[in-house]
Every structure is written in C-alpha cells, then in structure tokens.
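A single structure is presented below for examination.
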Amino acid sequence: MTNADLRAATHDLLAEYAGLLDAENYQSWLDLFADNCVYKIVSRENDEQGLPAALMLCETKKALTDRIVALLKVVHYSPHHSHRLLSNIRILGRAGDIVNVEATYALYHTNVEGRSQLFGVGLYRDRLLVEDKGLRFLEKIVVIDSFSITAFLAKPI
Amino acid sequence: MTNADLRAATHDLLAEYAGLLDAENYQSWLDLFADNCVYKIVSRENDEQGLPAALMLCETKKALTDRIVALLKVVHYSPHHSHRLLSNIRILGRAGDIVNVEATYALYHTNVEGRSQLFGVGLYRDRLLVEDKGLRFLEKIVVIDSFSITAFLAKPI
Amino acid sequence: MTNADLRAATHDLLAEYAGLLDAENYQSWLDLFADNCVYKIVSRENDEQGLPAALMLCETKKALTDRIVALLKVVHYSPHHSHRLLSNIRILGRAGDIVNVEATYALYHTNVEGRSQLFGVGLYRDRLLVEDKGLRFLEKIVVIDSFSITAFLAKPI
C-alpha cells in the first residue's frame, strides 16, 4: 500500500466509522474492527497521568459486540440521534502492518424534539491493522475532554 | 477521471460549497449546481419514514436561483453570519457520470453581537454530475437532525 | 511538488497545527512557522471593512515566540483544554513558492470540570511557504466571527 493509498484508506475508514455510528448501523460498524481489537474510552485527565481507569473498556471484539447488543436491547433512556465530525487526521507512523493514527472529534446529540447540542470533544488515538482487503481498527482509544456528561455514556463515541 | 481525481474533486466541490455559503457569495455558489438540479432540506424523521414533506424544496435551478434572489432582497430579520464544517465525506458509488456522496455537516450562526452558536447538524446526501470541466451538484438533499429551529430556515444549509 | 503532493502537505500542515495546539505542544507548533512569519487574529467586521485593528498581532516569529513564552509563564486564569476542528481546506492558488489557503475552524474549550463549549468559529486565511523540507506558515490570519469572547483571547486560535 503506497503512502497515498494508506492516506486515502485511513480517511475512508474513519469516515465509515463516523457515518455508521451516526446512522446507528452497529453491525456494519463492528465489521470495521479486527478480531482481537480493543475499544476504550478514557478521560484526558486519566490518560495524561497514566491512570488505568476507563469509562468504557472492551478488550476483545466479543466484549465490544456484547456491549452493542446490550445497547440495542436495553437503552431506551434519553433517546437521541448523534452526529460526529472528525478532523486533523494524522498518520503518526507505520510499523509493519500497524499504523498509528490520531484525529479530533466533536460529537453532537439531537433529542426527540429536534434540539442539537455538543455532547463532547476529544481525541481518537487509533492503531490500524493493514490487511489484504484494507484497514481495520486494532485499537481505538477515545480520549475525552468532556467527562462531565458520562451519565449518558452508553454508546460508543 | 481516476478514483484519486474523483476523490479530490469531490472534496473540493464540497469545500467550495461551504466556503461560498459562509462568504455569502451566492452567485458563485449557484454555479456549483447543474442546470437540472434539485435542492431539498428534509428532517431526519420524515426522511427515515419516507414522508415527502420538505422544509425547503427547489426542483429546478431556476427555483433555487429565485429562492436566493428572494433571500437577498427580503431577509433582514435576525442578521447573522454562518460557518459550516463538513466531515466524513464518503463516495458511496459511481454509475456513469453520476456519483453518490454523503457527508456530515455542523452549521454555526454568529449574531451581530459576535455570539456564535450551533444552528444544527445533519447529513448531506448528494448526487454529483461528472462533466468535462469538473463536478457539479445534480441533487443535494440536506437531512437535518435539528428541526426545532426551522423558524430561521431562510437560507440554504 | 505536484498538485497531489501539495494538497497532502497542506492538509498535513493544518492538521499538525491543530493537533499541536490541542496538545499544548507550543514548541513544536512554533516550528511550523517560517522565520519571517506573521500571525494575526482579526474580527470579521474589521476584516470586511479593511480596518487595521487586530485582536492579536505578531509581525515576526520572535514576537510570536515571546507571546507563547508569556502565555506559558503567566496564564493561569480560567484553565482549560482546547480542541479545534478544521474543514473546507481550499488551495486558492500558488505563485512561486507561496501558496494561498483558506480553511474553516471551530474551537471548543473544556474547563477543569469537564464541561465543553464552543469558543468560536471563523476562517483561517493562510499563506504557506514551500521549502525543500516541506511547508511552513508564512502568514496566518485568523478571521473570527465570534468576537464577543475576546476577554479569553490569550492563546492562539
């Protein structure tokens, strides 16, 4: 994969990630993750101090899948739609079939009355796996600045 | 047009669209649309249920032009500037000279006192026409999550 | 530098700019500027009317560096983290080793209690210098719509 191809594939993967979550198409969203993936949401404070506590932690794809299944079955509290904007996608480096990427996100929620508001901003710190058929997430760490609203943190960011 | 060229041209067209609207350069903005274009704003609710009612509907370029002329002549209520951010641009497919594209937007308004706020978020669902001189919008459907503020919906999004 | 390379390098430079400011890595951020750079923040009102008054003006890299040093030494008022999203990056033209670029930004602040809010939106109007080792900012003009919050304008945008 050339640098230009890697760049395009990285942007496409992140756009897919956001588009599928926004569309609440969780099954296709799960397909973007490698089999031995890690998904983690952590506050900026804890991340900067190296503290291990996470706001959400799925250490296998099975755990992530279970999380989504639970989400679909039980979460009917505070219904809303979401939209996320990504920016500043940076390919930090590549070693073998692993690519380190960072990006900034802003997440908006819209309630059933059509009112939208900022839910939070933060950083995606991703490790991508280069496979024959393209890229998938091997590790996705979401470092959130906006930790005061974690009461609502049922869904992936 | 190669895939890489199409990708670059698509991103450029969407950036132009946003930049020209933000600069309130409506004449150049209209030039981005094909002669037989459709411009439509619809709520996510109606879109998901296949309901036909639109918040704004211009079924020809002439209708869209008239809309803009009316806007420039009569809208002096609630003056503001706007800025929009686009993200997650996805080329869904190409058939002949038609390209299907989706993107996420967030729109901000700033009033005359310099206060900015989120006006709304949503999805652009575009059909682009590949022409000799580049791309133009054949159809632009804006699916808005934020329908509670449609009292202000005088301008294109 | 081909058009495709220039495009990629421009996007990378802007992503670096945002990422380094968000990470509060000011030393590396300064390295993105050419030696004879200008950094200026101006309100949209003043910019549109050609009025010279700026909200921040550093006419040399030394002045910009001094500004950052002062920032790091004395600003402990209203501590917060920031995240910025960039969009609609447009390469307007190239003349010799100078490239004119515009982009839209939205800037978010998060306070120590983890509450995030929109700080402001506006336009980057940049002149980039093409050098052997890549691109650097020769001039960065930030045209802000959101001028009602300039009491907090201690940091670069």
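Letters A, B and C mark the chains in the order given here, with residues in each chain numbered from 1 onward.
Methods note: a residue touches a chain if its C-beta (ideal position, glycine included) is under 8 Å from a C-beta of that chain, and two chains touch if they have at least 3 such contacts.
Just so it is clear, the structure is predicted and the values come from calculations on it, not from any experiment.
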Mind checking chain A against chain C and telling me if their interface is mostly the same residue numbers on each side, over half, or mostly different?
different
Roughly how far apart in rotation are chain A and chain B when fitted on CA atoms, stated in degrees to the nearest 5?
120
In whole angstrom, what separates the CA-based centres of chain A and chain C?
27
By the touch rule stated above, which residues of chain A touch at least two different other chains?
4, 85, 87, 106, 118
Spell out the residues on chain C that touch chain A in their complex, using ranges where they run on.
4, 8, 12, 14-16, 18-19, 22, 81, 83-87, 106, 108, 110, 113-118
Given the complex, residues on chain C that touch chain B span 4, 7, 43-44, 85, 87-90, 102, 104, 106, 118, 120-123, 145-149
